[in-house]
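What follows is one structure encoded as C-alpha cells, with my remarks underneath.
By written order: A, B, C and D. Residues from 1 in each chain.
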Amino acid sequence: MSTNGNKACRLISRTADAAYGDPGATRIVRVGDVAVGGTRPVIIAGPCAVESREQTMEIARAVREAGCDMLRGGAYKPRTSPYDFQGLGEEGLKILSEAKARTGLPIVTEVIDTRQVALVAAYADVLQIGSRNMQNFPLLTEVGRTGKPVLLKRGITATLTEWLCAAEYIAKEGNLNIILCERGVRTAMSGQYDRFTLDLNVIGAVKEQTFLPIVVDPSHSSGARNRVPNAAKAGIVCGAHGLMIEVIGEHTDPSTILCDGAQGIRPSMLRRILSDLR
Amino acid sequence: MSTNGNKACRLISRTADAAYGDPGATRIVRVGDVAVGGTRPVIIAGPCAVESREQTMEIARAVREAGCDMLRGGAYKPRTSPYDFQGLGEEGLKILSEAKARTGLPIVTEVIDTRQVALVAAYADVLQIGSRNMQNFPLLTEVGRTGKPVLLKRGITATLTEWLCAAEYIAKEGNLNIILCERGVRTAMSGQYDRFTLDLNVIGAVKEQTFLPIVVDPSHSSGARNRVPNAAKAGIVCGAHGLMIEVIGEHTDPSTILCDGAQGIRPSMLRRILSDLR
Amino acid sequence: MSTNGNKACRLISRTADAAYGDPGATRIVRVGDVAVGGTRPVIIAGPCAVESREQTMEIARAVREAGCDMLRGGAYKPRTSPYDFQGLGEEGLKILSEAKARTGLPIVTEVIDTRQVALVAAYADVLQIGSRNMQNFPLLTEVGRTGKPVLLKRGITATLTEWLCAAEYIAKEGNLNIILCERGVRTAMSGQYDRFTLDLNVIGAVKEQTFLPIVVDPSHSSGARNRVPNAAKAGIVCGAHGLMIEVIGEHTDPSTILCDGAQGIRPSMLRRILSDLR
Amino acid sequence: MSTNGNKACRLISRTADAAYGDPGATRIVRVGDVAVGGTRPVIIAGPCAVESREQTMEIARAVREAGCDMLRGGAYKPRTSPYDFQGLGEEGLKILSEAKARTGLPIVTEVIDTRQVALVAAYADVLQIGSRNMQNFPLLTEVGRTGKPVLLKRGITATLTEWLCAAEYIAKEGNLNIILCERGVRTAMSGQYDRFTLDLNVIGAVKEQTFLPIVVDPSHSSGARNRVPNAAKAGIVCGAHGLMIEVIGEHTDPSTILCDGAQGIRPSMLRRILSDLR
C-alpha cells in the first residue's frame, strides 16, 4: 500500500499499535468463546440462506457435529435479480437464534440496510458486510457503532487499499472487532470454470498492512462444490485465520435450493475438510 | 443477455412494451424541460463535489453559458478513505438549489443512504446512484419509490445483467424514469494511463436489451482532463444519449480541489466539446 | 510510462528526436503512395483470411471502390485450434499479389514464423504482427531487419510499456516504419456482448510516449458486425491515424466463412463508415 | 470447456483414451528417472537465467541437495525490453549441460525460436514454452516434432480452451509428453502486492478436461520471495503434480541478479518448502 494508503488506514495499520508491529501478530477478535486470529483456524459454516426452520436446524446440527466454530446463514439476501428469493428477514433471524440456542454456535449473518442494523445486531454475534456493500459507507459506519464483531468481505474487484479503507470506516467508530474475508475477485478468467478467481496472494499482503485477522470463503469463487475442499485448504496454507463455507443438507437436492445450490458442500465433505486441516 | 437475464429484467426489457420493440426506440426520461433519450445529446456538467457557494455558482454559470442541460454536483460524497472530504451534506443541497434558481438548470446529485433519500429528493431533479451503490438494493428500492428520475451508474466491474437487474429494482417500484450511465470499468489495463477503461461497446448492447436511455461519464475513467474531450465525443459517436462531465473553475488550481481535481475540465474546454458535438 | 519504460523505449520515444517533441507530431510511415500518420485517416480493409481467389478479388474490388487505402488479408492464420483453417500459405500470398496488381492497393498481411519473413516480405507491403506474437521477440527482430513497414498489434493484455518495448525490438534493427494497432484487450467484461474491450484511452497515452502512428482495429473486439461502425468512428474521434477493418462479401453467407465470419462487415456498411468519416 | 473446446482438443482430452477416463488418472511424463504426474510432487528449481558458470553450479548443487528433481534455467530469455539481458545462448546451454553432468538433474530450459529448437533439444531434457509463446503455433509444432517432454506455460490471460488447444498443437505432432504449468494471470488486482494472480482453481478444471500433468510456478506471480512458500504449498494442496521454483544463491545480493531477482528464493527457503511438503 502506498503512503497514502497507510495514512488512510491509520487505526488498523500495523503502525497504529506497537503490540502489533510484528507481521505475525494478529489482534484476536472474540466471538463468545471463539477467538478469531489465533493459530487455530476458525471454521464458519452454514447455509447460504436461511430457507426454513427444518433446513437450518439440520445444517446447524451437522455444522456443530463436524466441529465448526460458528454458524453462518443469510436472513437478508442481496440478490442480483429483484425476483429472486430475498431472504426470510426477521423470521430468518429468529430461526438462526433458535439454531444458536440448540447448538451453542455463534451466528454470522449479513446486514444490507442501515435501518436494519439494530435489529440484526440483536440476533447476530457477527455482522457480515457482503461484497456488494464493501463501500456502502453509511452501513460501515452503522455496524462500526454497534461495537459488535464485523466480517467484512472484499468487494468484487476491490483494491487492497479500498478494502482496508472500508475496514477503517468501521474502526473509526471505535470498533476494531473486524474480520476480513477474501472471497474471490472478478477477472477475465472468471466464469469459465469458476465464478471468481480466489486471490490467495492477498492474504500475505493484508498481514503486512494490518493486524486484523483474515478468513477465506472458498465457496463463492468455486461455483461447484467439488472445488471447495482444495480451495479451503489452500486458504489455510496461505495463512488465513479461518474459513467461511456454505453447506447444504446431506441429502438435499441442490436444484431445490433457493440460493447458490451448486456451491454448497454436504456435511460429509465438510467433515473431511476439517479432518484434513486438523 | 441470457434468457435468464431477460426474465430478470422484464419491466425494462424491450420485450416489455410493444412501443419499444424497435432497437432504436428509447423511452424519454423528462427532467423539467429536458428530454433524455432523444436525438439531441443531453449534457450534464458540474463540479465533482459542492465545495462552497462561490465555487458552485461560478461553475453553474459557466455550465449554463456553455449550453449544458443539467448541473451535477455531489453533496454526499462516497470516498474511499473516511478521512477524505465527505461532502457538505444538506448545506450542499441548499447551494445546489440556489444554483438551480439562478441558472434554471435541473440538479443531478448523488444519494448514498436510504435514510437521506427523502431529503435529497426534496432538492434534486435527478437522484444519482453511484458505482459503489449499484447493488445497494435497499437504496435502489427507495429511489424507485420516489418516482423521480434516477441516474444509475454502472458498478466498477458489473456485468450487463447485473446492471440491468439493478435498474429493474428501481422499475419494480413503478419508476421507469431511469438513465443508465457508463463510467468505465476496472481492468488489468486500468491505472497505467487512466483510472478505468471506458467500455463503449456496452452502449450498443444496452440498447439491444432495454429502452432506457444511456449516458457516458468520460471524466471518471480518464484520470486526466486532457483525455476527457475525446472520450466524450467517442461516447456520443457510439450512441450515448448524453454525457455527464466534471468541471472545475476556469482559473482554479486543481491542487486545491477536495475531490478528483485531476479529471475536471475547465469551462473553455467544455465549450469546445459542445461546439464539436453540435 | 515509468522512467524505466522511457529508457527501455529510447528509439521510439518522443525524447529520441527533437522533430517529434510535440505531442501532435507523428512520424509518417509511407506505404507506396499512402502516408500513415497524417491528418487523413488511413483505411485498411479486407477479408480476415484469404480463402479463395474469387473471394479475395471480390472484396479487394469492393475495398478499392469504397475508397480504402490498403488491402488486408491473412495467408498465414494463427488459430486457437490446430484443426481450424490455417490459411492458404504462399498460395494466399499470390492471390493477394494479384489483388494488388488489379486494384493498386498495397497489401497488409500477417507473418507468424521467423522462417517465413523473407517470403512474406516478398509479397507484402506491410508485415503484420498479430496480438499473439507481440512478444515473439525473434519475429520482431526479423521483421525489423526487413526494413519494411510493420503493423504491430497490441497483445491481448499487454501493458503500454510492453507494447512500446515490442516496437523498440523492431526499431533496434534500424526500422522505424512501425504502425501500432489497438485491437481490444481481454477484461472481465469481454465475452458478454463483445469479444474484447476496445481500449480507446490508450491512443492518447501512446501519442504522449511515442511519435509512431497508431490505428484501431474495430473488428476483432466487436464480435458482431453491427458494432463495428460505431467502434470505428470512435477510434478516429479518439485520435487514431487510421482503421483496420474486416470485410466479407456483400452477399456472402457468414456461416460459410472459414475465419471470424460474425465480425466482418459488408461493403455497403464499409462505404457508410467512410462516408461518415469523410 | 464448450463442446467446441472438447473437439478442438481431442488428442489430450480425457475422452481420447479409455485409460484416462477417470478424473484422477494422469498420463505420466517421464524425464529420465523422474515421473511427472504421479502422486509424489516433482520439484523443478533453479535460476531464472543462467548468468555464469559459477552461479549455475552453486544453485544446481543447492537444488540437488534440497532434494529437487530437475534443474531449470534460461539460456534464451524473452525480455520485455530489448536492452535487458537476453541470456547467454548456447554458452548457457553448455553450462546447464555441465550442471546436469555434475548433479544428475535433468534440465528444463526455454526455447523461443523455431530455428533454435534442434539446438536447445540437444541439451535440454524438457523444452519449456513460456507464457509469451503459448500461442506461437510454429514453435509449438516444432517442439512437438522433437518428441521431447515439453513444459507449456499458460499465457498471461489465456482461457482454459486456448491453453489446452496450445497443448493440442504439440500433441498433433505425435508428442503427448506435455506438462502444463500455471504461472499466474494478469488481472485488475495484479501489480498491487504481486505481479500476477495465481489461479489455483484452474488446476481442478484442467484435470477434468485432460490427462496431462500440471505443475505450478509460484515464483513469477509472487513478485517477492517471501510469498513463494505459501503459494508453492497451496499449489500442491490444490492438486498440482509439481512445482517450478526460481532460486538465487544463498548469499547473493538480489540487486546484482540480471533477471527477476526479487522473486528468487534462497536454498534455505527451498529446503523448508520441500520439508513442509514431504
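Keep this in mind: contacts are C-beta pairs under 8 Å (C-beta built on N, C-alpha and C of every residue); 3 or more make two chains touch, one makes a residue touch a chain.
Since the structure is predicted, the reported quantities are computational estimates derived from the model, not experimental observations.
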Q: State the pair with the higher C-beta contact count; candidates are B-D and A-B.
A: A-B
Q. Compared with subunit B, which chain's mean CA position is the farthest off?
A. D
Q.
Just the number, please: Cα centre separation of subunit B and subunit D in whole Å.
A. 48
Q) Distance-wise, how many Å sit between the C-alpha centres of subunit A and subunit B, to the nearest whole number? A) 33
Q: Could you list which residues of subunit C touch at least two other chains?
A: 157, 161, 186-188
Q) How about subunit D: which of its residues touch subunit C in the complex? A) 7-10, 78-84, 112-115, 132-133, 135-138, 155-157, 161-162, 165, 168-169, 172, 186-188
Q: Mind listing the subunit A positions that touch subunit C in their complex?
A: 157, 186-188, 190-191
Q. Which subunit D residues qualify as touching subunit A in the complex?
A. 1, 157, 159-161, 185, 187-189, 192-194, 197-205, 208, 221-222, 226-227, 230-231, 233-234, 237-239
